[in-house]
Amino acid sequence: MEPTKEQLMDMYYYMLLGRAFEERLEALYRQGRIPGAIYLGRGQEASYIGSAYALKTGDVIAPTHRDMMAMLPRGMDVKSIMAQHYGKVTGPTRGRGEADYLGDLSKGIFTTVSMLPDFYPVAAGAALAFKYRGEDRVALAYCGDGATSRGDWHEALNLAAVMNLPVVFFVINNKYAYSTPNENEMKIADIADRAAGYGIPGRTVDGNDVLAVHEATLAAVDNARTERGPSLIEAKTMRMRGHAGHDPYDYVPKASLEEWEKKDPIKRYEEYLTGLDWFNDDEREVLATRVGNEIKDAVDFAEASPLPDPSEVTTGVYH
Amino acid sequence: MEPTKEQLMDMYYYMLLGRAFEERLEALYRQGRIPGAIYLGRGQEASYIGSAYALKTGDVIAPTHRDMMAMLPRGMDVKSIMAQHYGKVTGPTRGRGEADYLGDLSKGIFTTVSMLPDFYPVAAGAALAFKYRGEDRVALAYCGDGATSRGDWHEALNLAAVMNLPVVFFVINNKYAYSTPNENEMKIADIADRAAGYGIPGRTVDGNDVLAVHEATLAAVDNARTERGPSLIEAKTMRMRGHAGHDPYDYVPKASLEEWEKKDPIKRYEEYLTGLDWFNDDEREVLATRVGNEIKDAVDFAEASPLPDPSEVTTGVYH
Amino acid sequence: MSITEQKAAAGMELQSQESTYLDAINQALREAMEEDSRVFIIGEDVGVYGGAFKVTKGLFDKFGAKRVIDSPLCESGFIGAAVGAALMGLRPVVEVQYADFISCGWDQIVNVAAKIHYRTGDPVPLVIRAPSGAGLRAGPFHSQSPEGWFAHTPGLKVVAPATPFDARGMLKSAILEENPVIFFEHKYLYRRLKERLPKEAYEVPLGKALVRREGNDVTVISYGAMLHKAIEAAEGLAEKSISVEVVDVRTLTPLDRETLVGSVKKTGKAVVVCEDNFSYGVAAELTATISEAAFEYLDGPIVRIAPPDTPIPFSPPLEDAYLPQVVDITAAIEKLARY
Amino acid sequence: MSITEQKAAAGMELQSQESTYLDAINQALREAMEEDSRVFIIGEDVGVYGGAFKVTKGLFDKFGAKRVIDSPLCESGFIGAAVGAALMGLRPVVEVQYADFISCGWDQIVNVAAKIHYRTGDPVPLVIRAPSGAGLRAGPFHSQSPEGWFAHTPGLKVVAPATPFDARGMLKSAILEENPVIFFEHKYLYRRLKERLPKEAYEVPLGKALVRREGNDVTVISYGAMLHKAIEAAEGLAEKSISVEVVDVRTLTPLDRETLVGSVKKTGKAVVVCEDNFSYGVAAELTATISEAAFEYLDGPIVRIAPPDTPIPFSPPLEDAYLPQVVDITAAIEKLARY
């Protein structure tokens, strides 16, 4: 299934939106205008958008701390995300959660927790519910290379495999877990190779190629939808910023970053698009303007929104 | 390295001892003479003895609930094990632990805990200590097929692989985890296949063939000793009793048990030994008598030993 | 009001057979599954085998593999999966084989299940059943009473019924809850208690303590298996003309402070009896609650009776010394009564 | 006796530079590693990066990859491995990146590390350092104070120093311990407190509370970051002629009941201030301890001040409302003083 022109442009739009949102977030952070931490996924746009865009309404995703961009194609509003960063009551956690530890169940986005990758089993459980009710729905769980070392990763893959659940496990291998490089995290070259140990398909894709990611995810999602069970996708990419806003990121050789800068997924996709006969610079301008406005509106919205009232602190622990 | 005559007879002795000990334990349990639970490894003698006998003084093992027999070649005294079952102060936990949740660090046997397989990481840590000090020592951790589904199993294998630790992970696949058959526990045929996902060697052996198990363990231990890191061994066998003393064991087809009875590891080893020119029935008799006496002495010892004094209940929580 | 009176008062028709505490739980599961197809069970050996304690016996045959799921051995995995299913609108009931193993799923409970609603407002209708408690010569890994840890964790409800009637009714309520509930079943009680239960389905609300026995001199507060020792002590003391009120806490979170405090305000004296170990546990909270709210009514110090801060030993003399016994409770009440 | 007086009294020569709470911990680690080659560090990003908070900064350069180990991301795995290394005679110091993530290694701590010695008598010399506490706008997953859970777990020692002096000296003691110690470092204090520390290595013994400020009217009991708020409140009240004694608990297990109770026997009134959430937590134990042992000395109810039973919210107005503040403590003391 080749993506349509509209789909191609959609993915482009979301990549631009994600990039622009993060750039603004970074600036706000440096200016001390937002109280919490930031975890930027710059350089990983293709992995996020290519995968999340392969889903349909009714499907669910489970992001981790860095995966805000995956929420965009699922309909998460940048206003609401920005309000969360400001700790405003208009954010999806009403000021209770920080950074991108958020979600919106009505849009099929699980709320993010910090403990990695605790939502791997949770996503398997969502898939269990879909199968239980015979629904045509799929769950997709994200995590990074570092998170694959944790027990919950293993338990989720095995449980989903045994129960043949409609879930896609998507690992963004960006070479580092905080400061820890792949070689201190695992002794294998490709995380996708672990899939065989669970009896499910595993596949490594170029995480900077949005169309390759999209295609691989569509295939895995199709597997899930047609009752052939879970699969594992590893997208190889590179985190182009420090782990969090305060990280000087000096444990990665400059040369390596320069190398990866050349593989920038947005530039790369733009080159591809430019090669298509229907694409022209006007389209790009239109999108750039639209994205710029959305980000501006998001900041305005967040800044104009009220902080939560202190008296609310004890409400809502229970339903 | 072919085992010597003495080694062959040693392994035979330990298999007989293990079998006889468990038979007596089972009888005591049925008679209500011991207060706790029993977990019998009948049918798995070859897996236990073949592996544990491959170790040297200074090495350590980490057993789970069913793996008492692996302690025998390491020098664990049957008197002491029996006293544990009676809850007597002469047992290795002085009446604090039940069943085979015991060990003896002075003999290189970690004390067993129930949570499966929590001693997989612990064994990796022991190996870390050996490597840290440059000692020629190896750790070997046991667990069952069911325990492989838990996160700690994964974390241990990965951590040991990354750190290249001298540890052998030994899985006794006896087809069931309590009542749960392999097909509800995993979607793969051979657990040893998971090794590839950690970048370490994995090997499946016939768990009812003591010499095959011994040879495979020697090879893995040698790997560890020569700084080539951890490995995974899967011994395929069958549990010939219920999970615990009270389990009616009716979830396994009779026919399957009959089939496996024919593969009894002791009978099988006896057939092998009988084929050797130096082996004769006298040797068997001598061993049988020795074992019988040891078991009798163990029961006598345990019965004659005092129960702990109630006043001791609060001592020894801290060192 | 005795338990039977209580049921009669509620106008409930009773089954002809007596039910054990274990039967009662089985009945609640069966009823809930019959009433609501979203309810399913997941855990180790809960299916064909009917559970390590046979609590789910017969449910696999009745409801099939789809609704009674034998999970691989992975507490974190299946508890996490249950959270996911709950978020997607099912109503999972997890069985942890022994409460001791709940520690293997700890993070999914305290950081995932317990913290979702506060942040998002989404309900997490999840029940985790955990057979807890000592007295069965089961040693340090099969005898734990971990309710104190969970009671200290905001976002969870924590329940510990003491009778078949409550076990059935409170499990029913737990399954109807929109919040994660940790349901501690005292395994010592499984086959030791019997009573005739109502024919009709019923619920016992969470968060309500119950005065099990009225008295004027001393209030004893307890729950689970210890409650029965407390009642026994109270009855023994009646002969010595000491009138003891016994309050069953039943739900640790939310704690019914009003009922506890109300009773102590009446008697002026309180003994707290828990199986959870002494320090930083349930007994401390019950004591602190009373000392705060009934300070001016107290005619003597609040006495905590709880096991020492040790793992739970196996050998009969040690386990007996570990657990609070009727004589200990009796002595404490008597001493306090004469204070 | 002020902290400086205390050191002078001990005849300690001081460093010329002031040390932060964070520096103090770094110094203790460095000293312990210099003195004893069995001491090593394991955790996430503790090596080249020097730890998420930079507590282990410089140690990798000095001691190398063998002794400062960057682990894969697996709390259960590396805590379990540390237990194994400890049993084999090493002395591991584990860093959990944030105390919140300790929950991922829970079972290894409570069922393995904590229960070995009671059963076998083998020492488990293991320290787990965990940066805990709120006040940094870090939200529900990076602000927890989980000490109550661990204090309730027999077999563990639980430590929560409030000053650079104590942090260095108690970490040193923890590393010399033959038992598993959970060492809670309050991350709010990391760079906020400074004092001149002794040149020489020293130890502050575990299990000893300290009267930080003497007074006669009310005793305030606290630890960690809250201690400083308690002291601030006490100092403010001096102007109103209310004389407040402030006791720093320092070690939760073993708890120095004697010092706490002794102080309350003197003042007759107690306020307990904790960052651990209200119910079934540290505040409850402190309250119960006093109510039991100082009942006849109490001239008013013991007052618990602790955050509400909720996850820890991120947004400044909510986090500020969540945490006990100096005004809250002041008001409570004042009210109790006038009781």
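To keep things simple, chains are lettered A, B, C and D as they appear, and every chain counts its residues starting from 1.
Basically, a contact is a pair of C-beta atoms (placed from the backbone, for glycine too) under 8 Å apart; a residue touches a chain by one contact, two chains touch by 3 or more.
None of these values were measured; they are calculated from a predicted model.
Chemist: Through how few touching steps can subunit A be joined to subunit B?
Modeler: Minimal hop count between subunit A and subunit B: 1.
Chemist: Farthest chain from subunit C, going by the mean of C-alpha atoms per chain?
Modeler: Most distant chain from subunit C: A.
Chemist: Between subunit A and subunit C, what distance separates the C-alpha centroids? Give it in angstrom.
Modeler: 41
Chemist: Go ahead and note the Å separation of the Cα centroids belonging to subunit C and subunit D.
Modeler: Measuring from centre to centre gives 32 Å for this pair.
Chemist: Distance between subunit A and subunit D based on Cα centroids, please, to the nearest Å.
Modeler: 37
Chemist: What parts of subunit B, by residue number, touch at least two of the other chains?
Modeler: If we look for residues of subunit B contacting two or more partner chains, we find 93, 96-97, 101, 113-115, 149-152, 155, 158-159, 162, 184-186, 317.
Chemist: For subunit D, which residues are shared contacts with two or more other chains?
Modeler: 72, 74, 76-77, 100, 103-104, 107, 111, 115, 118-119, 140-141, 154-155, 308-311, 313 - these are the residues of subunit D that touch more than one other chain.
Chemist: Testing understanding: with touching defined as stated, what is the shape of the graph linking the protein chains, line, ring, star, complete or other?
Modeler: Drawn as a graph, the chains make a fully connected set, so complete.
Chemist: Help me check something: in the complex, which residues belonging to subunit C touch subunit B?
Modeler: Its residues touching subunit B are 44-45, 47-49, 52, 70-77, 100-101, 103-104, 137-142, 308-311, 313-318, 320-322.
Chemist: Which positions of subunit A touch subunit D when the two form their complex?
Modeler: The touching residues are 35-37, 87-89, 93, 95-99, 101, 113-116, 146-147, 149-151, 177-180, 184-186, 251, 307-314, 317.
Chemist: List the residues on subunit D that touch subunit C in their complex, please.
Modeler: Against subunit C, the touching part of subunit D is residues 100, 103-104, 106-107, 110-111, 114-115, 118-119, 140-141, 148-149, 151-155, 252-253, 255, 277, 279-285, 287-289, 291-292, 295-296, 298, 300-304, 308-311, 313.
Chemist: Note which residues of subunit B are touching subunit A in the complex, please.
Modeler: Residues of subunit B touching subunit A: 149-155, 158-159, 161-162, 164, 183-188, 193-194, 196-200.
Chemist: Touching subunit A in the complex: which residues of subunit C?
Modeler: Interface residues on the subunit C side: 40, 66, 69, 71-72, 74, 76-90, 92, 107-108, 111-112, 115-124, 154-155, 157, 178-179.
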